[in-house]
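Read through the structures below before going on.
After this come two complexes, each holding chain A, first together with chain B and then together with chain C.
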Partner chain A sequence: MTKKKSLVEVHEKSKSYDWDYPEPDPKYPSRFIIPKTGKDPFRMLVRDYVRMEEEKDARTYGFLDGALRMQVAEKTEPRFMEALKLTLPDLTNAEFQAVAGVGMIARGIGNQELRQGYYAQMLDEVRHTQLEMSLRRYYVEHAPDPAGWDIAQKALYQHPGGHVSLALFQNFNTGDVIDAVINLNVVVETAYTNILLVATPETAVANGDHALATTFLSIQSDEARHMANGYGTLFAVLQDESNVPLINEALERHFWHSHRGLDALVGWQSEYGAVHRPWVYKDQWQEWVADDFIGSYVDKLTEFGVEPPTRLAKVAQDVSWIHHSTALALAAIWPLNFWRSDVMGPADLEWFDRHYPGWAQVYGPFWAGHAAMADPSSGRLMLQELPSLPPFCQVCQLPCIMPRPDLSEIRVFEHGGRSIAVCSEGCDWIFHRWPQAYEGRKSFWAKYHGWDLADVILDLGYVRPDGRTLIGQPSVSLETLWTIDDIRRIGFEIKDPLAG
Partner chain B sequence: MSAAGSRATTRGTSKVTVLPFGHSFECPDGESILEAALRQGLFLRYGCRHGGCGTCKAVLTDGDVEGEGSSFALSSQERAEGVVLLCSARPVGDCTVDVEAMELTDEEFRAGDQVGAFDTEVVAFEELTHDTRGLTLALRDPGTMTFGAGQFVNLEIPGTDEVRSYSIANAPHVSDRIELVVKLLPGGTFSGHLRSRLAVGDRLRVFGPLGELKLRLSHRRVLMVAGGSGLAPFLSMLRHLEARGKPRDVDLVYGARRVRDLYRVEELERLAAVLPGVRFVPALSEPEGEPWAGERGLVTDVIARTYPTLEGYDAYLAGPPAMIEATVPVLTGLGVRPANVRYDAFVPARA
Partner chain C sequence: MTVNAGVPGRPPAGRDTIGITLMTSADTEAAVAMIREEQPDARISFRGVTYKIESDDVLVFDMARLGERLGRPIDTDLFLVNMSTYYGRMEVSDDLVRIHSDIRPERFQ
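Then we have the complex of A and B:
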C-alpha cells in the first residue's frame, strides 16, 4: 500500500487544478476590494468530498424506492402535497439560480483558496437540483393527483408565486459578486435554510411526507459548508475597511428581500400547506433568524463594523402576518393556480387565532367566504368580491396587501412613464437604490389586462388532460371539480389595478 | 457518577479521549479533566474553574467521572443526559468526553489556553457598601486587556493558587484597567484578605477575560435583573452602550435589601437620563423605617407588578443563585422565550 499523502499535500495539489479564465473580468464589476488572501473553508474535504456526497445521494435515492413500497405519496396529506406543487419548484429555481450564481462568484473572485470552496458548492447545488427533480418525478408518478407536478417548472415561471421566487433568487447571479455572496451564502443559506430545511422536514413528517423530509435533510447537510464559504469570503473582504459600508448595505437589502420572499412562502407552506403543524412559523423565525443569525452570527461581526439591518424590528413585526396575507391572496386567485388550494376548517381557524392573536378578526371572514364558494354550484369567486385586484410589488413580487390587508403599506409612484407599486418602505428603498435591477419586470396583471379569466387559465395551460377541468381548485376534495365552463359563465375580467 | 469528595486513593492515570477531535491525553488521578488538558497544552472552554458557571460543560459518552459542580450550573435534565463539568470532573478509569457544543476548531483546541495572565496593581479600593468593595486594578503587564462587556476575570488570592471570579464593571474601551465589585463573605478566604491586608499599591494576578455573558444583538427590548454584586456586568454593558452611542431599549431592575445595600445609584440614574430607552428601577425588599420612594419588594414581585407581559423581551440576570432561581420562571412565565434568558450565577466558591 502506498503511503497516504498528508492533507496539506492533497490540498496544495488540488490548487493545481485551478485555471485562469480567458475573460477574467466578472460579468458585473465589483465595488468591493477583494484581497488575495483568504482560506478555503473546504480544505478538510478535498479527499473525502466525492465519497461523502456519493453516500448521501445513495441514501436519499434509496429512500425513494422505499417510499414507493411504503406508499408515502398516497399517504401524504393532500393539503401538504398540493402546496408543495408551488414551493418545491420555487426551491428548485433557487438551486438552479445558485448553480449559475456560484459559477459567477468563482469566476469573479480572484482568490484561489476561496474559489475552491465555490467550485465544490457548485457541485452541491447541481446535486440539490437533481435530488429535487428526482423527488418530483416520484410525485408525478405516484401522487394521487399529479396534475400540476407534470408542468411544475414551466407553470412556476408564469405564476405570481413563481415570480416571488424569481425576483428573490435571480439576485444570486445578477450583480456584484460579493453582493451575491452576501445574498446567497450569508442571508439565504446562513439565516434562512435552517427554517426551510431543518424545520420543514418536521412538518413534512407530521403530514406523512417522509420522502420530502429525507431529501431536504440530505440537502441541508451541505449547507454548513456554504455558510462557511460565506463566512470565509466575508472575513476576507472585511480585511479592507472600505468594504464595510458596502457589506452593510448589501446585508440591509438582502435581509429585507429574503424576509419578504421566504417568510411569505415558507410560512405559507408550513402553516397553510399543513394539516398537522408541529411548530409556529414566527417561533422558528425567532430561533433561527433572530437568535442564531442576528444574535450570534452578525453579533460576532459587529466588532469589525458590521451592523444589524436597520429594518430588523419591522421584519420581526411583519413575520407574524405576511404569510397569512400571502395565503389569503393565493386562495383568492385559486383558478390561476396549478395546485389545489384548500378550505380552512374549524380546527385550522382555532389554531391560527390561538397562535396569532387577532388572526380571526382579520382573516376569519375571508376563509368563511372561501369555504362557502368552494363548490362550483355557488357560481361565485372571491375575486369578484374584491374592490380591485392588488398590484404586485415591483421588488419582492408579493401582492401589495402587506403586512395585512387592513394595514397595507402600499406605495405607488410614476417611474419611466408607468405606474409602479411597492408593498412597503423596505421595497421602496430597494427599488430606488437599484432601479435598474427591478424596473424591467413586467406585471402579471398588465399582461392579462382586459382578458376573461377563463382565457387566462387556458393561456397559462393550467387545465387537466381533458382540456376543460381546472388544475387549480378551491379545495382538495376531488368530488366536484370546477371546469373552464364554470369560470366562463361567471364572466370575470382581469383589470390591471395600475392601468392608467 | 459518584458524589463529590470521594477522591481516589490509588495513584495512577486515566486516558481521556476528547471528541470530536479524537485526541487522547493522560489525566493523573485527582486532577480534573480541564486542568490536565490545559496543562498539556490543549484548550477547552472554561470560566470560574470551580463548578459554578457551566462554561466547561461536556457530554460524558464513555467511562465514569467523579466530582460535581454546583447544582446550579447543571440542570437535572443535563445530568441525566450525561453532561459533566470538566473543571470538576475527575476520571475514574479511561473515559471519553464530547465537547462539540464548545464549537472549537481543531486549531483552537490544539493551540492551548489563550486566556491571558495579567500582573495588576491596586489603584483604588473603595467601600461601596458596608459589605461590598470596589476594586480598581491597573493592568501593568500586559498593559491592556481586550474584553467584552459582561465578561469576568479570575483573581488569584495572594499566597495561594486559588482563584475567585469577578465580573468586570468598566466598559471595554477603558482597556488599561479593570474595575471589580467584591462582596465580602463571612469566612471567605479572599474576603478576609480584603478586610485585613489589601492596600493601594498591592500587586494582584488576574486571568481572563472569561465568560459568555454579553448583550446580544436583537430586535427585542432588554430586561436586566441585578442583585448584589451582580450589578457589575450591567454597569459594564450600560457604560459600553453610552460609549458606543448605539442605543438599546433597556430596563434595569436592581434589587437590594435596604438603602445601605445600594451602590452606584447616582451613575445609573445619570445613565438612564442620558441614554434614550434606558430605564433604571431600583427595588428594596426590606426598606422598613427608611425613607424610600422607589419600588418595594423582591425583584420577582416588582417584575410581576410592572410587566403584564414580557413577550418580545430578552432577559439578562446576574446575582446570587437564589435570586436567579426564583426569577427565571417568573420571566419565562411572562413570555420571555427560554432561549432568550441568559444569566451569570454568582456562586460562591466552596471554602
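Then we have the complex of A and C:
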C-alpha cells in the first residue's frame, strides 16, 4: 500500500515551483511595500482543494434535491422569501465582484504560497456565484410567488438597495491590491460574512428555509480560507513598518463602509425578513464583530502597530438602529421594489421595542401608517406622508436618515458643481479622502426627478407578466394586489431633494 | 470576555478566545464528542444548524482519533468540509487541524 505523502512535505516542495509573470505591472499601482514572503495557514494544494470542494458540492446540491422532496420553498415563511429577493442578488454581486477582485489580488502578490491561496479563492467565488444562482433557480421554480426572482440580478442594479451593494463591493476589484485584501479578506470576510452566512442560517431554518441554510453554511466554509489569505497577507506586509499607517487607514475606511452596507442589509433581512427571530441582530454583531474580530484578532495586532478602527464605538452605537431605518426606507418605497414588503404586526412591534428600547417611539408611527395604507383601497402611500425624499449618501448609498430619522447626521456640500449628501461623519471622511472613487456615482432620485412614480415603475420593469400588477406590494397577505393604475391615480411625483 | 466596543477610546484588550463553527453533521457530532472528552475546558454551544466550539488556548482536531470515533477514515480535507467558519490562527498540517490563540504562532514567525 502506498504511504500517503506528508502534506507539509509536499506543500514545501510545491512552493519551489515558482514563476515570474511576463507582465509584472499590476492593473492598479500599490502604495504598499509587498514582500515576497508569506504563509498560507491552510497549506492549500490543488489535489486537496478539488477533493474538498467536490465533497462540499455533493452535499450542498444533494440537499437541494432533498429540499425539492420536502417542499422547502413552498413552506418557507413568505416574508423571509420575499426579503431574500434583495439579499441574495446583493450577495451574488459581492461574489462576482470578488471573482475579479481576487484575480487582481493574485496578480499583485509576488509570493507563490499566498498566490495559491488566492487562486483557490477565485475558484471559490465562482463556486459561490453558481451556488447562489442554483438556489435562486430553485426558488424561481418553486416559490409560491416567484415574481422578482426572475429579474433579480438586473433589478438589483437599478434599485436603491442595489446601489448600496455596488458601492460597497466594487472596491474589491478597483484600486490598490493590499487595500482590496484589507477590504475583502480582512474586514468583510473575517468580520461580517459570519453574521450573514453562519448566523442567518439559524434564522432561515426558524422560518422554514433549510435550503438557504445549507447553501450559506457551505459558502462560509470557503470564506474561512479567505480569512486565512487575509491573515497571511497582513503579516507579509506588516514586515515593513512603512505599511502600518496604510493598513490602519484602509482598516478605518473599510470597517466603516462595511458596517454601513452590511449591518443595514443583514439586520434588515434577519429581523424584518423574519417572522421567527432566534436572535437579536445587535447581539450577533457583538459576538462576531466586536468579540471575535476586534477582540480576538485586531486588538491582538496592536503590538505590530495596527490600531482598531477609531470609529468602532460609533459603529457599536449605530448598529442598534441603522437596519431599522433601512427597513423603514425600504417599506416606504415599496412600489419601487422587486419584492413584496410586509406589514409589521403587533407581535413584531412588541419584539422590536422589547429588544431595542425606544423603537416604538421612533418607528412605531411609520409601521402603523404602513399597515393602514396596505390595501389598495386606501389610495395613499407612505411616500406622500414624508416631508421630502431623503437623499442617498454619495459614499454608502444608504438614505440619509441614519442612524435614525430623528437623529439624522446628514451633511450636504457642494462638489464639482453639484450638491452632494453624505449620511455621517464617517462617510464624509471617506468621500473627502478618496473623492475620485465616489464623486461619479449618480443618484437614483436625480435620474427620475420630475417623473410620475407609475412611469418610474414601468421604466424599471417591476410589473408582473400581466403588465399591470406591481411586483412590489406593501404586504405578503393582500387579497387584492396593487396595480400600476392604483399608482397612476395617486399621481406622486419624484422630486430629487438635492435638485437646485 | 466581551469586548466593550461602545466605549470611545477604549484600550485594546486582546481576547485569547478562539473558536470554530461546525455545521451539524455526523462528522461534527463525532468531533464535538471528541472535544468534550479531550478538551473539557472548551465551551460548546449548539445553534440549531451549527456547533460553535471555543477555547482560550488552542483547539486541536486529530484526524486519526476522529476517524476512530466515526468508524471510518477521515482526513483534514473532509473534516474541513464540515467547518463553516473559525476565528483565531488556523494551521492545517498532516492529519491535524489546529486553531491557535497566539496572534503569531510558531509556523508564522
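The definition used in the following text is that the second predicted complex is superposed on the first by the 473 of 500 C-alpha atoms of A that agree within 3 Å, B and C clash if a C-alpha of one lies under 4 Å from a C-alpha of the other, contacts with A are read in each partner's own complex, and residues count from 1 in each chain.
Here, a residue touches a chain if its C-beta (ideal position, glycine included) is under 8 Å from a C-beta of that chain, and two chains touch if they have at least 3 such contacts.
Quick caveat: nothing in here was measured; it's all calculated off a predicted structure.
Partners chain B and chain C, once the complexes are superposed on chain A, run into each other and clash. Within the superposed three-chain model, A:Leu349 lies out of touch with both chain B and chain C [touch as defined at top]. Of the two partner chains placed by the overlay, neither chain B nor chain C lies in contact with A:Ala100.
Of the two partner chains placed around the shared chain by superposition, chain B and chain C are both touched by A:Asp299. Of the two partner chains, neither chain B nor chain C is touched by A:Val140.
Of the two partners, chain B and chain C, it is C that touches more residues of chain A.
By the touch criterion stated above, A:Leu197 is placed in contact with chain C alone, chain B being left untouched.
Legend: residue contacts after superposition of the two complexes on their common chain; A:Ala290 is shown touching both chain B and chain C.
Superposing on chain A, the segment of chain B with clashing C-alpha atoms against chain C, chosen from 57-65, 147-155 or 255-263, turns out to be 57-65.
According to the touch criterion, the shared surface of chain A, contacted by chain B in one complex and chain C in the other, consists of residues 286, 290-291, 294-296, 298-299, 302, 308, 312-313, 315-316. Looking at the complex, you find that chain A touches chain B at residues 283, 286-287, 290-291, 294-296, 298-299, 302, 308, 312-313, 315-316. Chain contact summary for the complex, chain A toward chain C: residues 6-8, 39, 41-43, 48, 51-52, 55-56, 59, 190, 193-194, 197-199, 201-202, 205-206, 213, 217-218, 220-221, 223-224, 227-228, 231-232, 235, 278, 286, 289-303, 307-308, 312-317.
Across the interface of their complex, chain A is touched by residues 1-3, 5-10, 12-19, 21, 23, 47-50, 76-78, 80-94, 101, 103-104, 107-108 of chain C.
Interface residues of chain B facing chain A in the complex, by the touch rule stated above, are 214, 216-220, 337, 339-340.
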